[in-house]
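After this come two complexes, each holding chain A, first together with chain B and then together with chain C.
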Partner chain A sequence: MKHIQKIVSLLVTISACWIGLLKASIIPHSYTWLLPIYLIVSLGCYGLLMVGYGLMIFPTCPKEAELLQKDIMEAKEFFKQRGVDVDSD
Partner chain B sequence: MVKNKGSDVGVHNKYSIIIPTYNERLNIALIVFLVFKHLRDVDFEIIVVDDGSPDGTQDIVKQLQNVYGEDRILLRARPRKLGLGTAYIHGLKHASGEFVVIMDADLSHHPKYLPSFIRKQNETGANIVTGTRYVKDGGVHGWNLMRKLTSRGANVLAQTLLWPGVSDLTGSFRLYQKSVLDDVIKSCVSKGYVFQMEMIVRASRKNYHIEEVPITFVDRVFGSSKLGGSEIVEYLKGLVYLLLTT
Partner chain C sequence: MMDLADKSVGFILSAISLSIFTYYTFWVIILPFVDSDHFAHKYFLDRKLAIIIPVLAGVALVSFLCIFIGLVMIKSKKKSS
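So, the complex of A and B:
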């Protein structure tokens, strides 16, 4: 099954539940009508929270940049001895 | 005799490391040096696919062949810039290992992580091991807040819409079983880093066993990488394309 079909069937299921709720009037209609809006708002909040949280814990590695510089010096030294021309860049 | 856990990694398999280059004269030399430094007891070959760099990348590769041997470093050049996807296909044709590693030539992928890719594959028998920047022990250096924000936004969007089962979709430091790469690459048509995302999403849909290892990503030291509005549009188009076709 294509992925879009999975997502569409999920949406259809949710709408079916919602229509069922509307028909059955277990909870007042005025509340049921607002449910899709709540859903969209909470999806948006979820997205924003995930991005914000991801930013907060964004892993960085400043040490790696220093280590890389050391590796580069080591490699250049090695190639100098072997006569490989890496300096003219 | 007590076996050293670090050195008996991947002793039975051969690994082909495919590195596409365009004007990476200095970087390719540094990468080759670091690969040989970190993969001492492993049978491997490096396949450089150069797209006719005018800066003499191929001359340097020939000099490296003199140092390390022509059987360890293969130069498989193409006449001009022909795209990343076809560069891998081109390199793959000449690969003789059971496993293929693809990595960028700009030193943002450090060869010191190669042993952990190989070890992970040995331990789990995975079809694909992919490097991820977004977990503990992984990380990124050299990105400003805007770049981090776009990256996180793009990732959350892709995770929510595609459910890919891997944490880093656009990373391109990966180890593939050769037959698996052969199979997956044929069905991929995207360009740029959408191509990397398409590869991993299609592999995941084909139910290949995918494992992750943490890697760090130091944004290119020589030269600059950019992420503008057009890349974001391309990314969104890629997302929709993958949503509809996978």
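So, the complex of A and C:
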């Protein structure tokens, strides 16, 4: 519930700023009408950028992958000796 | 091998997002200040499209999500009955 309240209050402040900008006419009117759409497009762009950046930065650990495969084989051998078949294919 | 594919996909995604952002910023904010006989106006479409294209994309996204959710619900109901 608190999360929804945070989001709703954020939306209310942003729309209040936008209506205030409309009334005060500091910026030419054609800009103020385009501002919400521009903000939404830039927000989507920012999300996409974060996803792409995270994909580029994501660390792979090849040594740990090898150790993990070794562990899996050991566990399979161990269980096969006791008569349990854990092989998935 | 796998991380090279991941890195290239991430790079392509960030390149697409940066280009869309700069193009849209130029379109909406900078272009009205440029004189109308500058050569740069050729590269940008009509300003009315700057509103229509994001709205169409948003509508397409929302309808795609609704259709996907509907299909999943129908599939799960068919399985349970």
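Convention: the second predicted complex is superposed on the first by the 67 of 89 C-alpha atoms of A that agree within 3 Å, B and C clash if a C-alpha of one lies under 4 Å from a C-alpha of the other, contacts with A are read in each partner's own complex, and residues count from 1 in each chain.
Heads up, the rule we're going with is that a contact is a pair of C-beta atoms (placed from the backbone, for glycine too) under 8 Å apart; a residue touches a chain by one contact, two chains touch by 3 or more.
These figures come from a predicted structure and were not determined experimentally.
Touch test for A:T60: chain B only (first), chain C only (second), both, or neither?
both
So in the superposed three-chain picture, is A:I40 touching just chain B, just chain C, both, or none of them (first/second/both/neither)?
It touches chain C, and chain B stays clear.
I'd like to know which partner A:V51 touches here: chain B for first, chain C for second, both or neither.
Both partners, chain B and chain C.
May I ask you to decide whether A:V86 touches chain B, chain C, both, or neither, giving the answer as first, second, both or neither?
First partner only, chain B.
Of chain B and chain C, which one touches more of chain A's residues?
So, of the two partners, B touches more residues of chain A.
Should A:S30 be classified as contacting the first partner (chain B), the second (chain C), both, or neither?
Once the two structures are laid over each other on A, A:S30 reaches chain C alone.
State whether A:F78 touches chain B only (first), chain C only (second), both chains, or neither.
first
Report for A:T13: first if it touches chain B alone, second if chain C alone, otherwise both or neither.
After superposition on chain A, A:T13 lies in contact with neither partner.
For chain A, which residues belong to both interfaces, chain B and chain C?
Common to the two interfaces on chain A: residues 51, 54-55, 58, 60.
Using the touch definition up top, name the residues of chain C that touch chain A in the complex.
2-3, 6-7, 9-18, 20-21, 24-25, 28-29, 32, 50-51, 54-55, 58
In the complex, go through chain B and note every residue touching chain A.
Residues 25-26, 29-30, 33-34, 55, 60, 63-64, 67, 107, 110, 133-142, 145, 148-149, 152-153, 155-157, 160-163, 205, 216-218, 221-222, 242-246 of chain B touch chain A in their complex.
Given the complex with chain C, which residues does chain A contribute to the contact?
My answer: residues 28, 30-31, 34, 37-38, 40-42, 45-46, 48-49, 51-58, 60.
Can you check the complex and tell me which residues of chain A touch chain B?
Going by the criterion above, the answer is residues 2-4, 7, 47, 50-51, 54-55, 58-62, 64-65, 68-69, 71-72, 74-76, 78-79, 82-86, 89.
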